[in-house]
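We just call them A, B, C and D in the order they show up, numbering each chain from 1.
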Amino acid sequence: MYISESSLRVRYGETDKMDFVYHGNYLIYYHYARNEFLREMGISEKEIEEQGVLMPVIEVKIKYSQPAFYDDILTIKTHLKKTSGIKLHFVCDIYNNNNELINKGETVLTFVDNKTRKAIRPPKNIIDVIIPFMS
Amino acid sequence: MYISESSLRVRYGETDKMDFVYHGNYLIYYHYARNEFLREMGISEKEIEEQGVLMPVIEVKIKYSQPAFYDDILTIKTHLKKTSGIKLHFVCDIYNNNNELINKGETVLTFVDNKTRKAIRPPKNIIDVIIPFMS
Amino acid sequence: MYISESSLRVRYGETDKMDFVYHGNYLIYYHYARNEFLREMGISEKEIEEQGVLMPVIEVKIKYSQPAFYDDILTIKTHLKKTSGIKLHFVCDIYNNNNELINKGETVLTFVDNKTRKAIRPPKNIIDVIIPFMS
Amino acid sequence: MYISESSLRVRYGETDKMDFVYHGNYLIYYHYARNEFLREMGISEKEIEEQGVLMPVIEVKIKYSQPAFYDDILTIKTHLKKTSGIKLHFVCDIYNNNNELINKGETVLTFVDNKTRKAIRPPKNIIDVIIPFMS
């Protein structure tokens, strides 16, 4: 199983009045981690979009077990679940400074033509690169 | 089944470069809708917190079917699923201007003591009000 | 002087660990208030963009005097300063529940062609409507 | 003049439908850069807060000259302007991939006691470290 490991530091504006990261902001972190995963495959979401293909998120599942605090450095371990290849199913496990799993976020992405806004098969040059890393 | 109906207008900064609402921003909308639900029960999340009780989200599930665009007025229909009463399980269905369901978000909340940061049973005055509305 | 008055309720995710609204989020509030101002003139930022004209913010000045808290209902009084008519200079005064001025935000917008991304003169149908309301 | 240099990559959710970074999100970037500046002085905003001192922003001035795009790596050059030492006046210049200045943001911070929420003089151990770096 290929696991991409990325890290980021929690920003002030990402916290809320509970004193820790607002639960909705993790979707931004997962997005960041997915793109680092793809970058390691030589794939850039930005370039995909420039080729007229969007990758909207169609499904999200998150389980939170612990909070993250301002200025924490979080580590995100990301892998791709095996699917039929029409969708991408990412799993992100976020760990805090103490190497404790604080939440797990799954996001399912699909491929859409930017002009017609209809679902399309993933571009062959992308999916051929990615499929070997699904597990 | 008690359904609370609230509405909001999509703000510019909530969109992303795909031209529609960033998928992560719906968690802010669901949160808003949950609080309107509670407000209709005479319960204020703000007052609960002032009594030393936090209600963190511990689980999220979202299915997106259509995008929402800048300046759209969205309607959120919110209900509570029946649970054991230790957690609150909210379901939010978001509809666009054309009354099409654009996504469904489920969020599970728990109760935590603000000082000890440990899970607690929900305050009796809250849960007694809410339980009849679970379905 | 024409003053548009709009109001909004502070959302949970807009607060930060200081317990009040993150200072950066007011730019979203000012934006909302500017659009309500324009809407009262019969002008929709969304429609302007659909006609190929963007209105990016090129300058911001804010003075904060008091914080705003979760669930507060804020009132925003918005007016347009007199300018040469090539730019729009909005002033937003935000008041809290107690009718205290909590901050003042000035934003200057310009007009840009969406294709060339170059500055353009404001569309005549827009500026003709707006100029009488500058003061 | 001491200049701290930090960098960050633009995230997807930070863009808006104009295709570039939402103008309000730069306040998050400036905040990040200020903290990196302080970190280089051996000062942690987090620790200051743990000692009961908040540093709210009381004034902002921004001039935007160019947009930043998704996935861009931005460089932020940050310095402190000379002041009386009761406030901190930060200046952040943001540069894009091509080393073009895209915007300049000034933020003025003050010191507040977390319990009384009243303005206080900056803690001596902080201001003694910082003053030599004002220019």
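Quick note on the criterion: a contact is a pair of C-beta atoms (placed from the backbone, for glycine too) under 8 Å apart; a residue touches a chain by one contact, two chains touch by 3 or more.
Note that the structure is a prediction, hence the values are computed from the model and not measured.
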Chain located farthest away, centre of chain D as origin (C-alpha): B
Selected interface, A-D versus A-C, where C-beta contact pairs are more numerous: A-D
Centre-of-Cα separation between chain D and chain C, whole angstrom: 23
Distance from chain C to chain A - Cα centre to Cα centre, in angstrom: 33
Separation of chain A from chain D, taking each centre as the mean of its C-alpha atoms, in whole Å: 28
Chain C, residues touching no fewer than two other chains: 12-13, 17, 24-25, 27-28, 31, 70
Chain A partner contacts - residues on chain B that touch it in the complex: 17-18, 23-25, 27-28, 31, 49, 54, 56-65, 67
Partner chain C, residues of chain A touching it in the complex: 12-13, 15-17, 19-20, 22, 24-25, 70
Residue ranges of chain B in contact with chain C within the complex: 11-14, 27-28, 31-32, 35, 44-46, 69-71
